[in-house]
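Below, subunit A partners subunit B and then partners subunit C, in two separate complexes.
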Partner chain A sequence: MERCRLVFSGSGGQGVITAAIILAEAAVICENLNAVQSQSYGAEARGGATRSDVIIADTPIHYPKVIQPNVLVCLTQEAYNKFSAIIRPGGLLITDSRYVKIQRKVDAQQRELPMYRSVMEQIGKPIVFNICMLGAVIALTEVLRPDSIMKVLEGRVPRDFLELNQRALQLGMELGRAAAH
Partner chain B sequence: MERCRLVFSGSGGQGVITAAIILAEAAVICENLNAVQSQSYGAEARGGATRSDVIIADTPIHYPKVIQPNVLVCLTQEAYNKFSAIIRPGGLLITDSRYVKIQRKVDAQQRELPMYRSVMEQIGKPIVFNICMLGAVIALTEVLRPDSIMKVLEGRVPRDFLELNQRALQLGMELGRAAAH
Partner chain C sequence: MGKTPKFVQGNEACVEAALYAGLNFFAGYPITPSTEIAEHLSVRLPQLGGKFIQMEDEIASLCAIIGASLTGCKVMTATSGPGFSLMQEALGYAIMAEIPCVIVNVQRGGPSTGIPTHVAQGDVNQARWGTHGDHAIIVLTASNHQDVFAMTVEAFNLAETYRTPVILLFDEVVGHMREKLVLPEPGDLPLVERLHTSVKEGVDYHPYLPREDGRLPMSDFGGVHRYNVTGLVHDMWGFPSTDPKVVHGLLRHLVDKIENRAGILAHYREHQLEDAEVVMISYGSSARSALHVVEDRRRRGERLGLLELQTLWPFPHELVRRKCAQAKAVVVVEMNMGQIMQAVKLSVPQPERVFLANRIDGNFITPADIMNILRIIQGKGV
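For the complex of A and B:
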């Protein structure tokens, strides 16, 4: 496989760190890959945009920081403004259409998805916004199998909330697939 | 301040990743420091021992991985067996006395604390074991102020569970202080 370098960015309560940890665990536990997951906080973190990095590879990962992601997700305008410039040329840039309104042209495949709106309309629980985002990433990149994500969710999420998470994952995958063309 | 490199290790459900994220966020948000927090998963992660790294510094952190921690926490025997050799000579090695029974002599200040037992006896909820551990780390290292941890907990923990977390943090600090001598 090609090494996959992902950055998920957004604001504090959107669950980007949790999404990154779930993705990394799924890669390692279910697909026998290597993964590194990290948060770097500095002066910019106090500004409000949270960033979480994941590297997934089938070879050992020596340097754990993502410099140029080939997959960048921005869930707020502030995160977009801060991080859109670091996308690897030709990479995949996913934004949420409710939270990111103003985009400049970057050298990337830009996918603007109504993730937040769809979660609110079809599921009604903002807490699974991050799982919907993971579904979109999985559908657009095929970096892991959806059932690997589900397996990790089964170990982390209380039984009563599992179906909610499954629906969010599938919703994200549908949005991703519809935008794949 | 001296740069602080911490590794928290244990098994999947013990919350070492969450503890590391809380510590890193407290450093950045409340004490104006820099922090990097990461999980490296590879072949060894499938074995069962989870490891989570934090670096805290008042200068920029360029290399985010911890090679030799000056603070190492081991919450299971397996984690101890796997990671005790990486402690920085003269560093601080904290183990839980219920889960780590067999220790060899390492070049470190070894502190064996009854964290799990105290949490179960005095609070009765294993879910705050990781917060008790954080309290012990704070008391023994003074890397951050306890109220910085509380402030992050206030933003993350549902109101009903906040007192539980506060008690666990204080319990850990008492255990740490008692072992500081």
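For the complex of A and C:
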């Protein structure tokens, strides 16, 4: 496989770090791949532009941070303004259409997805916004299988909330597939 | 062997390894970036019948584990630079009184409270010489979670074998990042247990009388033997002494038991050193960036290799001299102002060929940082 370098960014509390951990853990535990995950600490992780880096590969990963992501997710305008310039030319840039107004000057495949709006309209719980985002990422990149994400969620989420997460993942995948032209 | 991988932070890998090694007493004062060690042990230790105590500060933390170790526990504390500074007095006491204990320092930027959430490797010389007086110390480190596990177990083993504090000098990047950890099964890694005295109750026990092999059997404090423990220079009974023969003998013993074994204590990894014209020497998270550079440049035909040190002290001078014998240049990659570089310069016959590739701004050193410095050293310009 080609090495996948992802950066998830947003604001503290949106769950971007949790989403990054779930994705990387699924790669390691369920698909026997290598993955490393790191994140910004300190003041910037609590509000401001939070960032988490994930690398997934079938070879050993030494340098653990992402300098040029081929997948960049921005869930706030501040995160988009701060990080959109670092994307690898031609990479995939996923934004949430409620929170981010995109500019056209970035050399990337930009996908504006109504993730937050869809979650609120169809599920009604903003807590699974990040899982919806993960669904969109795996539909657009096919880096992992959705059942791997669900398996990790089963170990992390109380049973009563699993169905909620399943629906959010499904919703994200539908949004991703619809945008995968 | 049915091993399931876990996906954990380096700090959690340290916790898993400490429990594997038999840790049953932890006292600490949580501090970034080591907090997860205390956090996870506060859950795990009580479940396993061990004791977790959150102390009032780092001085008390080290004192508490020293006392617990004397009673027969396997003990650890975890901190970062500011707390490690406070521990120096008790560290010297543990060295002097020969009390097995493991001290984790997950390094952040210093001096003082410095830059809590960012990485540095500035405590290398503090770990060696932070406490006063002539002494020796064992300091281990690691660059990935499997090695964090192995070195943590080794720290407990060396602490018991040599009756000494062992310092695990990790850093923010390794402590916080998550990656795969395959937990060894019980028995996969050898464990050294406490060497208890065979002296029976009612018979005189000498706490500082070595056996023929040099080891000092212990008797659980509060058990069947009464003995004295002190930070003063002491005789084989543990009582203070100013007899020059006793003073000289004790200091020689404390230093020689570790420095004379620098060769067998030297843990390291090597990558493509056989024909390397440029040898990089690194450790901890910096070694990950250096290894990235080695693999990248080898693909382009450059003869570059890496010696990754896992034992920092006692410094493996002989190993470094041997591995650098054919090198045209030696480049030490570390996130400080050349603390290991100084030791490397002492090891090689041509110290003018030793260069420093470093970063000290709180950011993790990148492969590009190292490449830029390599090009300049090789006369290729930026």
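The rule is simple: the second predicted complex is superposed on the first by the 172 of 181 C-alpha atoms of A that agree within 3 Å, B and C clash if a C-alpha of one lies under 4 Å from a C-alpha of the other, contacts with A are read in each partner's own complex, and residues count from 1 in each chain.
Everything below uses one rule, namely that contacts are C-beta pairs under 8 Å (C-beta built on N, C-alpha and C of every residue); 3 or more make two chains touch, one makes a residue touch a chain.
As the structure is a prediction and not an experimental result, all values here were calculated from the model.
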| item | value |
| --- | --- |
| Fit or clash between subunit C and subunit B when superposed on subunit A | clash |
| First, second, both or neither for A:37, with subunit B first and subunit C second | both |
| Partner chain in contact with A:65 - subunit B first, subunit C second, else both or neither | both |
| First (subunit B), second (subunit C), both or neither touched by A:78 | neither |
| First (subunit B), second (subunit C), both or neither touched by A:17 | first |
| Per-residue contact with subunit A, leading partner among subunit C and subunit B | B |
| First, second, both or neither for A:29, with subunit B first and subunit C second | both |
| Touching partner for A:96 - first (subunit B), second (subunit C), both, neither | neither |
| Shared subunit A contacts, counted only where both subunit B and subunit C touch the same residue | 21, 24-25, 28-29, 34-39, 41-42, 61, 64-65 |
| Contact footprint of subunit C on subunit A as seen in their complex | 21, 24-25, 28-29, 34-39, 41-42, 61-65, 67 |
| Subunit C residues touching subunit A - in the complex, by the definition given at the top | 4-7, 32-33, 116-118, 172-173, 176-180, 285, 288-289, 291-292, 295, 364, 366-368 |
| In the complex with subunit A, residue positions of subunit B that touch it | 12, 17, 21, 24-25, 27-29, 32, 34-43, 45-46, 60-61, 64-65, 155 |
